[in-house]
Amino acid sequence: MLNFILQRLLALVPLLFIVSLLVFSLVLIIPGDPAYMLAGEDATPEEIAAIRTDMGLDDPALVQYARWTAGVLRGDLGTSLFSDQPVLEVLLERLPVTISLAAAAIVFSLLISIPAGVIAGTRPGSIADRVVTLGASTGLAIPNFWLGLMLILIFAIWNGWLPATGYVPLSENPAAWLRHILLPAFTLGLSAAAILTRQLRGAMIDVMNQDYIRTARAKGLAWRFVVLKHALKNAAIPMVTILGLQANYLLGGTVIVEQIFGMPGLGQLAVASVFTRDLPMIQGVVVMAVFVAVFVNLLVDISYGWFNPKVRPQ
Amino acid sequence: MAAPILEVEDLGVEFLTDHGWVRVVDGVSFSVGEGETLGLVGESGSGKTVTSLSVMQLIPVPPGRISGGSIRFAGRELVGMSEPQLEDIRGDDIAMVFQESMTSLNPAFTIGEQICEVVRRHRGCSRREARDRAVEVLELVQIPDPRSRLGAFPHEFSGGMRQRAAIAMALACDPKVLIADEPTTALDVTVQAQVLDLLRSLQERFGMAILFVTHNLGVVADLCDRVAVMYAGRIVETATVFDLFESPQHPYTEGLLQAMPQLGERGKRLAAIPGTPPMPWQMPTGCRFHPRCPYAETACTEQDIPLRALAGDRHVRCRRVEELTLEGAQ
Amino acid sequence: MSDATASEFEQLGASVSARRRFLRRFMRQRTALFALGFLVLLALGAVFAPWVAPYDPLAQNLDRVLEAPSLAHWFGTDELGRDVLSRTLFAARISLLAAFQAVLIALVIGVPPGLIAGLAGGRTDNLIMRLTDALMSFPPLILAVAIVAALGPSLTNAMIAVGILLSPTFLRLMRGTAMAVAQETYVEAARSIGCTQSWIIMRHILPNVVSPLFVQISVFAGVAMLAEAGLSFLGLGAQPPDSSWGAMVGRGFRYISHSPSLIVFPGLAIAVTVLAFYVLGDGLRDSLGREIRREE
């Protein structure tokens, strides 16, 4: 098992190398001059030149890249142009918010998609199936920012049942955390729920036609038991793969959802940094997001072996 | 014949297809006595699997349905029985081994788990007792070092081993009837012989009744007491193995015998039956075999032929049975 | 030589009749046809917005700000007293155009490298696929935000970002088809008689990939519209005075408790249009028939 994980980690090296190139190249395509921005409106050309040299912006791109990568490897993501704080510090402060939002969204999407996918996939063509399929398509088509606003309108503004904005750490007050996370998690998780439902429905239809389902029935096992044990574990195999992909989308979605619900996470930071043109911060957010995404996918890979013994390492 | 443990009477099964409801099994009757082995023989598509699944009450509904007839196990009617009652019978009193061992075992669970599960379902015993029983039956089917094999997954077994494990799973609760649907068709010839030997020795030891489904008459001769020959969803002939091989009464049976490689005379060309079986939605009128029958007359095409009882507990569905003398195997 | 010509004819004949069958199957998909009809109507409404819209979308009327829907203003008015229905109609132009812009960019970025990877194989293929994998390991919207941050907020830049995000799927589709076709004997025969790559591409790969490509384009038009809406909502896409549906929702956000209609109508427009693209895509996919679908 350890071998397997090491192997996966090793396979990540070229991927992360290319990712680092892409992230770094953001600096190169940026049209404005960061030194100019830093120096302020009425800086003299000499001052700007001094800042340029100071920041190493006059060095060749390759040198700049090497310096930046070395920094990243040491955990030094630079300093915010906006607040002068170390980027990593800001990121680590905000990471728990984003993680707990994304995790809650995943839990939520599984809570919806597993029953819906199983019900639809074991009765293809039925009314229940058609309702689920239509619901999934609609869930995919609704823009998540709009859904979030509608939820705020209904549950916060009109009824006052749940808070519209803000975040309370889980460790501080679990009940308040839940009340604050409910609407954002629903908003963020709906499209993932829709995709997972479609996927599980298809896999379930496939699996239910397999011979081993008939074998299990021939052993005297009840239909419900066969569905939930024999069919679901096999149908989960493609679903786990999709879940890995969805983790990426969910992280991306936090950009919008955190903005709407006023949650101090990475996504909100990314948008704010665009408007302040805080490039080190944006690079830091991207690096952190890729890091989390890659880590989640590693976890997915490992859990995959549990569902599908054929790929399990010896 | 011993007292019948499984009686199938006038069974009809239909499927909803592009051609509407088609009857793929039509008026099938047979019975299996306690401790008896009945061979159910016919070309592919003749309805053998559908018949076996009907006995298990596992026809997929939809698209299928049992349109009529009766299936009795130890005198109890299975058609229309409630699902919980059926579940108590399946795997306990009547067990089934399927054709494709590759696909009929669940790839996501260990062999041990899949055997234990049926034991626990019907014996209500503890996890450990179930494991002991699993080891016992794996030993019965001659899987070496069974205790360590409990944790193996189906894909880690060879085809022959998988089929043995499937047999072990079926035997785990000492069924009174074992249905084996072409259990050796997917295997190599040598492995085939081993699995057949195994089935025979298990039958001698435990005395369960076996409904042995195959398209290969050669296999039947080794294993079965009696044979029912199926063609296009109907039984066309039943007899003891000896009678059937010595003096087949139906031209289709004769054709099957001639097509048997082991028994053909040296130098004589194998005579495969010309033509192909009809599709269930375009069954010929009259005798369903007449388009392929070398002895067919105009009268054979006109009306349905009933299954007629002959002396010595034989049945045949041919209107020319008295006139014809058909060639048996030596 | 004559062999190659004969099988080439067979191949062409097969793909022509496959396409005809595809069309016939598609004509039977009622919901998909309905979706297509809706999209055509919407496009017409957008094109003829100046004639269809009841008001000038930019005409302010500070006496009638933030009004609820009424007979005079079916969708109500915004914070400057502009007619929301007219603005929604005009915004359709931007939203639709932006979606097609993004898909076009994705095609331009994705198709040629996909073809090259599939035909060249080996190291080239390996390199291209690694790049693609790296691109796909980014959380998409975060990457889009980063690209927009680098290029500066504008609708075109936002659509470049979205196009980059969507391109890997086209790349994989083209690569898969190119690889499959390159292994067919008639292509090897064509190569052996000295036909050029571009001839092979035109004659053999494109006909095979047209239908699955259309499925993907339809679905991605929906995805791109959602992405554009999201970025414009954040203020990273369409910039005033231009307005897309997403931007309208973004501006309406401030007045959510006072005038929900500012948000409801453009949001519904997005949802319904995106759903139409998806349904159309599903219908196209179902019309593909098994033989093509398996290649996907």
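Letters A, B and C mark the chains in the order given here, with residues in each chain numbered from 1 onward.
We take it that a residue touches a chain if its C-beta (ideal position, glycine included) is under 8 Å from a C-beta of that chain, and two chains touch if they have at least 3 such contacts.
Because the structure is predicted, anything quoted here is derived from the model rather than measured.
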Can you tell me which chain lies farthest from chain C, using the average of the Cα atoms as each chain's centre? B
Of A-B and A-C, the pair with more C-beta contacts is A-C
Between chain B and chain C, what is the separation of their C-alpha centroids in Å? 55
Averaged over CA atoms, how far is the centre of chain A from the centre of chain B? Could you give it in whole Å? 54
Using mean CA coordinates as chain centres, what's the gap between chain A and chain C in Å? 23
Of all residues in chain C, which touch chain A in the complex? 130-131, 133-153, 222, 226, 229-230, 233-236, 246, 249-250, 253, 256-257, 260, 263-264, 267, 270-272, 274-275, 278-279, 282
Could you pull out which chain B residues touch chain A in their complex? 53, 56, 58, 83-84, 87-92, 95-96, 98, 100, 103-110, 117-118, 121-122, 153, 155, 166, 169
Can you tell me which positions in chain A touch chain C when the two form their complex? 14-15, 18-19, 22-23, 26-27, 29-32, 137-138, 140-146, 149-150, 152-153, 157, 248-253, 255-256, 259-260, 266-267, 270-271, 273-275, 277, 279, 282-283, 285-286, 289-290, 293-294, 297
Tell me, which parts of chain A touch chain B in their complex? 210-212, 214-223, 230, 233-234, 237, 307-310
